[in-house]
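Everything below concerns the one structure shown next.
Naming follows writing order (A, B and C), and every chain is counted from residue 1.
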Amino acid sequence: MAEAARPTFRPAHTGFTDTIATVVVWLIAIIVTGVFVWLLSDIIWHGIGQVSWRFLTEAPRNAGRAGGIGPIIVSTLLILAVCIAVAMPLGVGTAVLLAEFTSSDNLFGRLVRRSLDVLAGVPSIVFGLFGNAFFCVYLGMGFSILSGGLTLACMTLPILIRSTEEGFRAVPDEYRLGAAALGMSRTSSLIHLLLPAAAPGLLVGMVLGMGRSIAETAALIFTSGYVDRMPQSLHDSGRSLSIHIFDLSMNVAGGDANAYASALVLIVILLIVNSVASWTSDRWLHKRIIS
Amino acid sequence: MSRSRSDIFLIWALRCCAAIAGAIVLLIGAFLVIESMPALQHVGITRFFTDASWHPSADASQGTFNLAPMLWGTLLAMSGSVLLATPLGIGSAVFCHYYAPSSIAKFYRRLIELLAGIPSVVYGFWGLVVLVPLIRQLQPPGPSLLAGIIILTIMILPTVALMADAALTNVPAQYLRGAAALGLSRWGTIRGVVFPAAKSGIITGVILQTGRAIGETMAILMVCGNVVQTPSRIFDPIRTLTANIALEMAYAGGDHRSALFVSGLILLALIVVLVSAAEVHSKGRIYG
Amino acid sequence: MKLTPIKMAIVSLLIMGTIGACSKSDSSEKKLVLTGSSTVAPLAVEIGKRFESLHPGVRVNVQTGGSSRGIADTRSGLADIGMASRSLKDSEKGLQAFAIARDGICIILHKANIVSTLSDEQVVAIYTGAIKNWKHVGGPDAPITVVNKAEGRATLELFLHYFAIKNTDIHPDVVIGDNEQGIKTVAGNPDAIGYVSIGTAEYDETHGIPIKLLPVNGVAATLENLSNGSFPLSRPLNLLTKTTPTGLAKEFIEFARSKQVHDIVKEQYFVPLAK
């Protein structure tokens, strides 16, 4: 995430309320960090012993109690890739329309916004049932990575669109006016000015969306399925890491150790994906604004 | 403003995107209505709120289908967690921007981003083995509305924190310089300048997290006890509408299955009400 | 990378289009789809793997989701073979059922609970709310936390049937879904009573989870008593087909019922059928 301009405050007028506010804000940060460090260390403590190169590459054996999670990592990444490939263009397109080309009292824009707000609140299990009925059965994709990815794309759209839209709204109007004054078409001002400037919002949306989709269980169990074999195409059924964790912790006696290890791997993958996204966006932002 | 050909093409392409994105919810709504039709016809709408209990396994004539306690469960868990997570999330974002040294802020942001991606199963698992036994020592049985609220708070906090963080990033720097020039204190600036400027983004975050709080399934299922009853205390076990679907869908047939889709339909209606309320309240200017 | 929004939109439409177009084209390799009970699924996965290794070119895809779904999918033809963790009900008799293993259900308590046996009447009294405190059955003075299964689960149906109680008479303090959730709930609460699959419970008990298995009607809850037929609370794990199985499905079901998979059945803590 981009660092904001940080003002320097002169503590000249530090009154009682200010002291209280400072204490409260620090307290909040400490509580939140505390809870999360507790949770993370619990996962690391129980999971780190299981993780090895063999665990990362081997196929699961004995219902996941033994063996590794190689095929499951591949399936997870493929599902994520399908999800991003579909949700990104759709999401960015919609956000651009809502933020740049639609006035706030436009009926179409308002309808789309409201339906997205509702979509954001649809329970993941309902997405799962819908994905099963629509993608798997109606469109005939069966239990497949494709069905899973598309279901997740539907699910992550609201988050992606909302924060991208916020990103566009944050771009000062001078940019648009300046571009218009220079006679740039709206298309090129969008590409050369607005998109780079809105990148931080887009990035937040992507991180949140990917976080939600990589962590999703209920929507995937009915769409991408339960098969823990190495997938050979997008039409194959593939078990995602979160389903694997759910199955190991809730359905397989003695699966806890590998469930912890899988959770750890999931978090590390997420960390890597987030870092890459943030690095790319920084570079992109730099290059566009300089050129 | 004159429009080039590429502009016109662009606008239509974008409209297609928006139409697809907006149509998804209609598809889902239609799907839910079709699937819940049998139950609505055989059982009738009123029985979902007036029946003695929730025992839908038998067919429509013998089973009982009262969803009201679960609706209360959902609403209570949602409002509790939103009330807790909103100040914590906004506080976290404010901390990152105006209080923490930049190295700590960076670390803190990374932490929050990570949390957004921890599977709900993991939160639920942690809640089940750590949190629930703790609450049980306080007041048995342990799995309770309170456990649900705490877990939900932890789960939705990253969303509201990241959205608020993005909103604060977008507060124009000259506002802050102006405030500094006026000699406003740190908290005075935040309250008087930053919050009003970032309101739209923060509210968006709150709406999104409310949606997530309503829709969360797996973690809630693991820590709430899932007993169908209207809770009278915060230590009572509850079942939410989502947990109801997740628990029973795989094992349901006939009218029972259809009644579960009615749960889904009620959830959807709940969200429509919420979204409309938000719009009426702000007279459609939330995003403006 | 210059992905303009226009290109993005086109790409996304193309993706949608291709998906629609190629979704119907299916590969020609031999595929066997199993769906149903989450109890049977891990077992079926392992049997499927061995079956694949003996029959190159065959893929066995196992999907989980519950006995009712197994039955529904078998009827609709979505699945070649369904999986159910119970006997078929009268309304489901049209399907063919093939038992591949047995599973039992036992009552579990926390290890710290001094109660070591409960009569059937006491279990009924606890679950119907007539007894609410452990001191009435020889335990400590503590309120009983009753753990029940969610509506529709095969385990619940078997439990209700054996103890002849109606689910509407049970006043649970916790309702759970899968076996492991039940075990974790009881392991985290010294005053809880629950019932789960024997295999799961026995595995967890021997691996240091603080639970204990109570005898039912005087018969100790062990896999041994389950396999010699003396344990009263048991259920078959079934494979289902719509009609008399033929071809690959027939081969698979025969394989799953043969001695060749007994070690797998035991590994998953179920009891193989004596043959």
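Assume a residue touches a chain if its C-beta (ideal position, glycine included) is under 8 Å from a C-beta of that chain, and two chains touch if they have at least 3 such contacts.
In this text, all values refer to a predicted model and were calculated from it rather than measured experimentally.
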Common contacts of chain A and chain B, by label, are C
If chain centres are mean C-alpha positions, then the most distant from chain B is chain C
In whole angstrom, the CA-centroid distance of chain A from chain B equals 16
Whole-angstrom distance, CA centroid of chain A to CA centroid of chain C, is 33
For chain C, residue numbers touching 2 or more other chains are 5-6, 9, 12, 16, 38, 65, 177, 181
Multi-chain contacts in chain A, i.e. residues touching at least two other chains, fall at 89-90, 93, 96, 187, 190, 249-250
By the touch definition above, chain B meets two or more other chains at residues 6, 10, 13-14, 16-17, 20, 222, 246, 249
In the complex, chain B touches chain A at residues 1, 3-4, 6-7, 10-11, 13-28, 31-32, 35, 87-88, 91-92, 94-95, 97-100, 102, 105-106, 108-123, 125-126, 130, 154, 157-159, 161-163, 165-173, 176-177, 179-180, 183-190, 200-201, 204, 207-208, 210-212, 214-218, 222, 241-242, 245-246, 249, 261, 264, 267-268, 270-272, 274-276, 278-279, 284-285, 287-288
Interface with chain C, chain B side, in the complex: residues 6, 9-10, 13-14, 16-17, 20, 53-57, 64, 128-129, 132-133, 136, 140-143, 221-222, 225-228, 237, 239, 246-253, 256-257
Within the complex, chain A is touched by chain C residues 2-6, 8-9, 11-12, 15-16, 19-20, 23-24, 26-27, 33, 38-39, 41-43, 45-46, 59, 61-65, 78, 177-181, 183, 199-201, 203-204, 207, 267-269
As the complex stands, chain A meets chain C at residues 62-64, 85-86, 88-90, 92-93, 96, 137, 139-141, 143, 146, 150, 187, 190-191, 195, 221-222, 225-229, 235, 237, 247, 249-255
Chain A residues touching chain B in their complex are 1-15, 17-18, 21-22, 24-26, 28-29, 31-33, 35-36, 39-40, 42-43, 89-91, 93-94, 96-98, 101, 104-105, 108-127, 129-130, 133-134, 154, 157-159, 161-163, 165-167, 169-170, 172, 180, 185-187, 190, 200-201, 204, 207-208, 210-212, 214-218, 241-242, 245-246, 249-250, 259, 263, 266-267, 270-271, 274
